[in-house]
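Here's the structure, in structure tokens; my notes come after.
Each chain gets a letter, A, B, C and D, in the order it is written, and its residues are counted from 1.
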Amino acid sequence: MKDGRYGEFGGQYSPETLMYALSELETAYREAVKDPTFDAEYRRLLREYAGRPSLLYLAERVSADLNTTVYLKREDLNHTGAHKINNVLGQILLAVRMGKKRVIAETGAGQHGVATATAAALFGLSCDVFMGIEDTRRQSLNVYRMELLGAQVHPVTDGTGTLKDATSEAMREWSRRVEDTFYVIGSVVGPHPYPEIVRDFQRVIGDEIRAEMLRLHGRLPDALFACVGGGSNAMGTFFPFLNDKGVRLIGAEAGGEGIDTDRHAASLTKGTTGVFHGMKSIFLQDEEGQIAPVYSISAGLDYPGIGPEHAHLFRTGRAEYYPVTDEEAVCAFEYLSRTEGIIPAIESAHALALFRRMKDQFSPDQQVVVTLSGRGDKDVEAIGEYRGRFQKEEYHD
Amino acid sequence: MTKNRIDTRFAELRAKGRKAFIPFITAGDPDIGTSYKIAKELIRNGADLIEFGVPYSDPSADGPVIMRADQRALTAGTRLKDVFALSSSISSEFPDIPVVLLLYFNSVFVYGIERFFADCESAGISGVILPDLPLEEKEEAEPQALSHGVYLISMVTPVSEERTARILGQAKGFLYCVASLGVTGERSDFATDFTAYFDRLNALSDIPKCIGFGVSSPEQKASLQPFCDGVIVGSAIVRRIEEGIKEGLNSDRLAEKLGAYVRTFTEVTR
Amino acid sequence: MKDGRYGEFGGQYSPETLMYALSELETAYREAVKDPTFDAEYRRLLREYAGRPSLLYLAERVSADLNTTVYLKREDLNHTGAHKINNVLGQILLAVRMGKKRVIAETGAGQHGVATATAAALFGLSCDVFMGIEDTRRQSLNVYRMELLGAQVHPVTDGTGTLKDATSEAMREWSRRVEDTFYVIGSVVGPHPYPEIVRDFQRVIGDEIRAEMLRLHGRLPDALFACVGGGSNAMGTFFPFLNDKGVRLIGAEAGGEGIDTDRHAASLTKGTTGVFHGMKSIFLQDEEGQIAPVYSISAGLDYPGIGPEHAHLFRTGRAEYYPVTDEEAVCAFEYLSRTEGIIPAIESAHALALFRRMKDQFSPDQQVVVTLSGRGDKDVEAIGEYRGRFQKEEYHD
Amino acid sequence: MTKNRIDTRFAELRAKGRKAFIPFITAGDPDIGTSYKIAKELIRNGADLIEFGVPYSDPSADGPVIMRADQRALTAGTRLKDVFALSSSISSEFPDIPVVLLLYFNSVFVYGIERFFADCESAGISGVILPDLPLEEKEEAEPQALSHGVYLISMVTPVSEERTARILGQAKGFLYCVASLGVTGERSDFATDFTAYFDRLNALSDIPKCIGFGVSSPEQKASLQPFCDGVIVGSAIVRRIEEGIKEGLNSDRLAEKLGAYVRTFTEVTR
């Protein structure tokens, strides 16, 4: 497979303004991975700043309830509360290595923006984050967090005011300031080499799962579940197992209000091949390639495409992907909160919801790992609204 | 296969010692009929080539002015067949004027690459600019384009660095020289050192070179022309269309207004 | 020293209704600590649920800026985001061991309530949390979190509607349902045996600091800083070092708007000995023992007293305590966010602020540990308001 | 040292085969002058002992009715000296009626334990109930109390379990038998099995036993009296004071109202 291609997917469909920067990035990255001090510093930051390794948690009450053995990979316990920090620390180290003084990022749920602002603060870089205006409302707490971390948050009013528009705007900004700016992409999307870089920085999730499952059980898990927005936590989870045919790799897409409505973000299930945001992949679009407005209760999954490597795994059948509705995700969100005392990100709740739906495909002696990509504090208020709860007057004294 | 109009056009211009003026409008802004009228006025007022933008939902290389134009064109229901029809009318009415499309690669890809260039050929389109199909990905579309006599116009930027030689090595028709970093949109000033930029380009190839991205006034055009073979003006024109729409002009008045505006460019240092 | 006494402080000043329950608790606790399976289960939960050990983070940029070596003990990375979970897991295990099916708790910042609701969910116990009405407003996100975890939150309207009133109300509720209810106290306060139990369950903080500092440097730190509300994170930090005279133990109290105003909660600095909430300790009160209304920007420190062991350490001079104003704490909150990309709880920011003020007492070759008792997500909005920021209109596109 | 009035009183009542009726009011609710008038009315209408609550900022063993009364008394500026003055007036005007204070230990501790009991003695106070000073902590105050002829009244509850014997072993004056779990406040029903409860208590000691916490009606009093030597009524009375205040009664009317209310208790099964 040629560099940057995953079967027919991937590539580098970028404006010429960015092409030199992309090749510079690729060169810097190839050098960095060969440099042991880079890897050592990245590992040190994961350990001593992000707090890795993250827990592989045996969810006993869920296991008993669903009659399987379920482990949760607790990315929610990372500093800043999601898997996004793994990737950001790697990219920021690259940015520093390349002598950049300024970083930009797009963000959906705000987790990637918070992670980027965090790492930028840690390295004293200036940081601008682009966020759809709709998402700044859905995730206002994260807007505040980024500002506190010293980042400028730019609400993007174009289009649907969500992640795709934030991404477009970040790309525009990068092309304006490509010489002094490093663009920290938040998922396994965009032009090559981003999908590869982000996957490499997220594979620590799957590497840890693998090592821990071997340590605990002397064998690999039977299935891995993860949610897919752009697909970084899923790619990080799946990648180290790609050649282990016995391990089912299962992704949960945002089914929104249902894939028979036009209110969803189930790119693989309902999308077609296209070229957008620098990559060839599978997108929700019309017959002329106009990108469809998408929807999910989860800001982090509210994206009309998916990383090219997932498109390839989907087409080749190596991984499976199914849509999960808002309602199923919210139920799983509540279920895990009450059952294990763990409030998951609404994104991650999609993965758990999918596992709950598919539980009968697994026997009690099989082992399943669900990646909890982040914590749900950021979502609590929105879920309350979705449920029509939290009328303060209801309180009794 | 007949000679590509772009080559003919630039040969003529060079022979006369003239520089090309290339206006850009979004096809279908505010509707396809008006675009036709505007295009005719642009040509009557001195356009040497005409560039039609194909409206896109997510034009990630464009600034706010063209984003809004795309939005208006899509709201009006503009589809590729309308753009082909428009191009067809203009190219047959003005046999000397090359028609060039600017669109995102996804529009081509999803339509079907072979089908797209076949339809270009039928519509008399001479070139296609795909801002997100760089050198590295070009082979995916160029054979089909060329087999239908359509040039894929190459872009080069002040930060193309060592890529510049490769780009120029394969460029056809003319070279789209991006004036400055960033997306489309008017600039009051350019940070670019044009002397150095064009010394570099000219040393590499003789292909006609047009400057685009950000040219916002006749004076700017005048000052850029000495470096190159032509100037592309997009957002400045599209902004006048937007103003005309806001003023409530009917399509004839709008076309007239644009004709007059464009004349300020073509009159200067013709 | 007699059981439950710390010098003149401590004791068991409780209504007779609760006395048998307290002795039952003490008996159960004494048996539990002798039972190796109890300790093993507690340690397992700390490790596999709370995510311990928590990181001891070398804050390089802060160290460089303040010209000392500063480690942060990262309790903010624990599941649920604060040190409170350490104690709660221990007490819930005790509750389960005692056959209780229902737990209650008081909460100030909401962190203890969230932790209790979390552990109750994990063990399938019913849970009621009492929270001052003022605090339900200041920390509304945490109210939502507790509800999601299946707890009932009861806003308490008495008095100042803060932690002291929530504590009184929890005690009332306990006396109503003492037979089937376990009262999970959130700090080293209340009647014996609570201060001892909570300290024992929090000493893991100090134990880990000690082991890690010895591993890293072969010697003990020169000073430990922690904030004191009730005093549990500070007691957990200090306890394993009580006999190490070379280690300065330094607590930060809530100085509010200044200790010369009547808007603060600096119990040790301005308080006198008294008896309240079941313990003899030092309280902010008038000459007739009426408890003073107190104030702090930090809900978790907004308490007119302190645990009896701290009162003893204060009187004997073994530990030092100084007030820190709201403004100093907010500055430290912002400082750490921007400098290290770590948003601390506003409570914890008091500890860091105190260290910043005292930095000249430490030389660059000395090592100081500041306990970051929790993460600041819960505070971001309130701090924004304090700063008069976050007018959405200010955004530029 | 003279004999404690409490002992005298219960001896008399036992001799007559009567049960004690012990009303409780918060001293200073709504002000100390009114408390004085109310207390006199209570006694005139049959109170055998009188219990004054000392208002406290954070009465953690009290329910909402008494919490509000404490708040009113504090707002009116009631201090310990006022409570002593009130007690002094009542105890001198009614030499047979023992005056008992109910207060949180902090009020005693901060005032100074020795000083407090000395002032109790001067004010003619016979007993002090400290709900948060259990057996285990009592030695901190009891020597001083006794040296001033004041009894620390012990409380026992249905869940005192094996502590019961120890409590009864050292109780003086009378035993405050908590009728049910929880804080002060009226109960419509008790879950407690009084027969078993008092069998246990009576087997352990002969000391006079009074039931309190939650008694809310003359009927309840009537049904509890057979088990014990007296009944304490607090919240039910305090609630009538609150009502009277809300009705805007002046202090004489309020005292009258309370007298009449208390008569409904003392008239029943005297």
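The definition used in the following text is that contacts are C-beta pairs under 8 Å (C-beta built on N, C-alpha and C of every residue); 3 or more make two chains touch, one makes a residue touch a chain.
No experiment lies behind these values; they were computed from the predicted model shown.
Undergrad: Please find the path from subunit B to subunit D through touching chains that uses the fewest steps, and give that number.
TA: Minimum step count, subunit B to subunit D: 3.
Undergrad: What chains, if any, are shared contacts of subunit C and subunit D?
TA: Both subunit C and subunit D are touched by no common chain, going by the contact rule given at the top.
Undergrad: Quick check: how many Å separate the C-alpha centres of subunit A and subunit B?
TA: Distance between chain centres, rounded to whole Å: 38 Å.
Undergrad: In whole angstrom, what separates the CA-based centres of subunit A and subunit C?
TA: Distance between chain centres: 34 Å.
Undergrad: Could you state the distance in Å from the CA-based centre of subunit B to that of subunit C?
TA: Going by mean C-alpha positions, subunit B sits 66 Å from subunit C.
Undergrad: Between subunit A and subunit D, what is the separation of their C-alpha centroids in Å?
TA: 66
Undergrad: Out of subunit B, which residues touch more than one other chain, so two or more?
TA: Subunit B, residues with two or more chain partners: not present.
Undergrad: Subunit C: which residues touch two or more other chains?
TA: None at all.
Undergrad: Chain contact topology under the given definition, line, ring, star, complete or other?
TA: Per interface graph, the chains form a line.
Undergrad: Could you list each pair of chains that touch, in label order?
TA: Between chains, contact exists in these pairs: A-B, A-C, C-D.
Undergrad: Within their complex, state which residues of subunit D touch subunit C.
TA: 56-61, 63, 67, 74, 79-80, 104-107, 109-111, 131-137, 155-157, 159-163, 167, 178, 181-183
Undergrad: Taking the touch rule as given, give the residues of subunit C at its contact with subunit A in the complex, in rising order.
TA: Residues in contact with subunit A: 48-49, 51, 54-55, 57-58, 61, 74, 77-81, 117-122, 124, 136, 141, 144-145, 147-150, 153-157, 333-334, 337-343, 376-377, 380-381, 383-384, 389-390, 395-397.
Undergrad: Tell me, which parts of subunit C touch subunit D in their complex?
TA: 11-17, 19-21, 23, 158-159, 164-165, 167-168, 171-172, 175-179, 272-278, 280, 283, 285, 287-291
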